[in-house]
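Please see the structure below; I have some questions.
Just so it is clear, A, B, C and D label the chains in written order, and each chain counts residues from 1 on its own.
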Amino acid sequence: MTVALSVKEIASKIGEAIPQTVTSVADGSITVTSQHLFQVAKFLKETPGLEFDFLVNISGVDYLDYIEVVYHLVSLKHNHSLVLKTVCPDRDNPVVPSVVSLWRGADFLEREEYDLVGVRFEGHPNLKRIYLWEGFQGHPLRRDYL
Amino acid sequence: MKFEHYGRGMAKGMALTFKHLLRHPITTQYPEQKLNVSRRFRGYELVWYEDKCTGCATCAKSCPQGNIEIVTVQEGDRYKVLKFEVDTGRCMACGLCVEACPYQALYMGRGYERARYRRREVVLTKEDLKPSPERQPSGYANPEVEEQLPEQTLLVYRK
Amino acid sequence: MPLLPHFQKWLVENGVPHWAAYVVPALTGIIVALLFLFLMIIVYIYLERRGLGRFQIRPGPNRAGPFGILQAFADFIKVLTKEDITPTNADWPVHFLAPVVAFFSAIMILAVIPIQKNAFITNLNIGILYVSAISSLGAIAIFMAGFGSCNKYSLIAAMRGVAQLISYEVPVLLAIAGVLLISGSLAMGDIVRSQNVPFILLQPMGFLIFFIGVGAELNRSPFDLMEAESEIVTGYHIEYSGMKFALFYLGEYGHMVVASAVMTTLYLSGWKGPFLPEALWFIIKMVMVFLAFLWLRATMPRIRVDQLMSLAWKFLLPLALVNLFATALEVLWQDNIGWEQFPWPFVFLNLGLAAIFILVGSKLLFKTGGGRVEV
Amino acid sequence: MVLKAEPMLISMGPHHPSTHGVFRMRLVLDGEVITDMEPMVGYLHRGIEKLAETRTYTQVIPLTDRLDYLGSMTNNWAYVLAVEKLAGIKVPERAEYLRVIMGELMRISSHLMAVGFLGNELGCTFTPLLYMFREREKIMDLFEMVCGQRLTYNYMRIGGLSHDIPEEFLPAVKKFVAEMPHYIDEYEQLLSENEILLARTKGVGILPQELAISSSVTGPVLRASGVKWDLRKADPYSIYERFEFDIPTGTVSDVYDRYLVRITEMRQSVRILEQAIKQLPPGEARTKVPLLLRPPVGEAYAHIEAPKGELGFYLVSDGSIAPYRCRIRAPSFTNITALRDMLIGWKIADAVVIFGSIDIVLGEVDR
């Protein structure tokens, strides 16, 4: 059974390693600031005992005031999971560091979120639209796109 | 890569294809032979009973495509359905409308030969939707109808 | 006794001018050969489609005419009425001529095939040399089609096709040389006459090499690289439609007919056989060869291009050389014994030798090509 | 004279016969060898995630049929699991068992297609594919019996199944389960030892274990790379902890391993089916759920082991009758991330084979 790790413990661990990054610990998920996302991801991937080596999914959710990017992480080694979130307050130009260098699976997932939600993943090697054609106006999965 | 088993694997495969050469084809020659469809078959048509329909439009609300168009007018204590139209060109035969109908006035049809040459011919109006000898209701979501229908031909039992 | 002089004499005696005594038999021969070829092509297409269907537990095309016999004609009518498209950037003379070359090379080989005793258009004394020369023309047709139609897939197919045909020509010719050593003649009729036992028994390894090589030259299924549907989208005839495509199709089956006829002549003792008429025996044997190809097609996946090349050069070629050497020794030896009278010891000797060579060869020589290329 | 030699650029797809639909590969070739490759998707993009935002929770179920159209049942299942997790709905025991039966039948059917089309891409003239169609047809008959359709089942509902099974279903499944191992033996007889197939698949398209994990590859492709990761065991959803089965893994991580993993998984699915049929309890197949379900505000991620890999639905609810956001984690989509690394250095003929061994469905890639 995949164990969903206690978010409080991990949040405190992250807090020790990278201070002032965890903004909220809601039920089942940790929210971190988008500037530090890459360090947090690297920490989660490389810390012994955590070792989240498998990125399951990246979802971008538009909450009209801000855009949230959700990372579902799993460790195949220890069989535990974590939901990591980050918030982009600037809805017009949401920027999140890319995690492609940590998990190559993020390549297409980030491109998809860029295409449909409009989150720019800084440091992505090939960030362009994946489903829609170049020159498409808007990002369809925003809530205000009709 | 080496030639591992001196062609034994190929010989085994050829023996299998030869065995199949002697088997009878499993194909059904369609227009002449027809298999019985499932008793719960969801054909690309709907069968509508005007006398049972109260015009509540639950079916229209439950349709994911917004495909069902109902216009009703009040007549005493019940509603008269003036217009009941389904564009089966957009219908995906999910059966949600039939499941939702509280009065069992709407059934999936058993027909599957509904190809038409013109787009407007696939729009079923009130008259087209009524049951007829060719348009029989299927047992989908309606166990009473299901019991009376012939059993489905299953390939599992075919020799 | 050849029919031609009699026919010519009969024509002249009935008041036909002398020049016509040459033209009329030639035309008659062409028409008869063409009719035979078309008939056999239709039989083959029918067998292929229905047989493949039965291998795959489906009936195959069975709607046109009784048992679907008229399917080939229906397809022919369909293909005739289709639009003939030439790509804008195609090299049109090449594109136009390619199907013609493909089809005519098949017809020309038929001139020397003896369907029964003395039944050929011309009795060339270098018959088998002529056959191998003309059959290579198919490579040119494929190259023309692939190169002329300005399409990358067909270009790849053309490259593959040329490499394949040239490579497989070598082991095939060496395998034929074994037959020639035993029969002592290049003429097709003499080869058949010298087969007291079918040469498939005296030359089992040669037959195997010939069979694989011809399969590759005809691009039949395990070797159908240049029209690989799943890789390069039917390859060289991707840009052909209508009657040109039909000519390719006919040419393909025409080559199939011719190849099975050559194989029958060389290895299966041609028209010889008890009870039935000679021509019927010949056709039965041809169809048997074709059914063997069909069975292979129904079973085998396709080989990769580098594996195909290494099969030819690293496996078939050494085996063909060994086979030729062994046959030469046997031919020297048979002067003392005379296998014309007692062939059976040689049959068993050769079967044993073939088994040993193939086993040893597959242990030592056989490598199916390279793997990943570092880029 | 200077010969101009330049790499050949081929746009393989979107209407190439062996790209499983409308996938497009931009191949750079040096002769026959692939030197670069870029996958291009989006030709079948229908915006299902956006459509889901405008439909009620029940109305999304028929949309999920259109994702991986060779595994509609499992798509339904993953979605209803997510909604049930979101709304906290308990599913009756019988429905759970029936879901397992449907899911495993679907897995067999999908793997049959994967192996059959792999055979086709290897150049078999349709023979293995048509043999496998025969068995798939039987499974589709069974599905037609329970839900009335053969491809887009729309069978699972929030809180159970749309209908209980008819009484003639179980004998037919028993018959199918009894004879299926024999047919799998036949496929193996035709393919597993064929020398040409071995030459074409062994050592081809190797995906190393670390790369597979890093590329978020799931399903048979991941298992063929030697990772024993199957959500049915790793994170048992529904009632999978009650069944005994093994997870096949590969050792070489090549195309042949992927083929063998799929064949073995079919055998294991038959095993699960046998147990599930034996244990199937009587009872209801559906709990009462309001027609317009309003789950509490929150979010849920539910995943299942679909035939192609991990299929997950991330649902965000704002308390209304429609999902606020419905994110689909499609296995086919993430699995093609690793395609480039597998292809480079191989030939065009291998490109289609390696691509076929990943077994993607474009309906799910493009959504």
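Throughout what follows, a contact is a pair of C-beta atoms (placed from the backbone, for glycine too) under 8 Å apart; a residue touches a chain by one contact, two chains touch by 3 or more.
Quick caveat: nothing in here was measured; it's all calculated off a predicted structure.
Following the contact convention of this document, C is the list of chains adjacent to both subunit B and subunit D. Among the other chains, the CA centroid farthest from that of subunit B is the one of C. Here B-C and C-D are compared, and the pair linked by more C-beta contacts is C-D. Chain D has the C-alpha centroid lying closest to the overall centroid of all protein C-alpha atoms shown. Separating the centre of subunit B from that of subunit C, both taken as means of CA atoms, is a distance of 51 Å. Per-chain CA centroids place subunit A at a distance of 43 Å from subunit B. Spacing of subunit A relative to subunit D, judged by their CA centroids, is 25 angstrom. The residues of subunit A never reach two or more other chains; the list is empty.
Across the assembly, subunit D contributes residues 127, 131, 134, 190, 194, 196-197, 199, 203 that each touch 2 or more other chains. Among the residues of subunit C, those touching two or more other chains are numbered 55-58, 298-300, 307, 368-369. Across the assembly, chains come into contact as A-D, B-C, B-D, C-D.
Within the complex formed with subunit D, the subunit B residues making contact are 1, 3-5, 7-10, 12-13, 15-17, 20, 26, 37-42, 62-64, 92-96, 99-100, 108, 138, 140-141, 146, 151-152, 154-157. Note for the complex: subunit B touches subunit C at residues 1-3, 6, 10, 13-14, 16-18, 20-21, 23-27, 29.
Across the interface of their complex, subunit C is touched by residues 8, 10, 16-18, 30-35, 119-127, 130-131, 134, 190, 194, 196-197, 199-200, 203-204, 206, 344-352 of subunit D. Of all residues in subunit A, those touching subunit D in their complex are 1-2, 53-57, 59, 61-62, 70, 72, 76, 79, 81, 83, 103-109, 112, 116, 130-133, 140-141, 143, 145. Remark: subunit D residues 41-42, 45, 47, 49-50, 53, 211, 213-217, 227, 229, 234-236, 299, 301, 303, 310, 312, 314, 316, 324-325, 327, 329, 333-334, 336-338, 366-367 touch subunit A in the complex.
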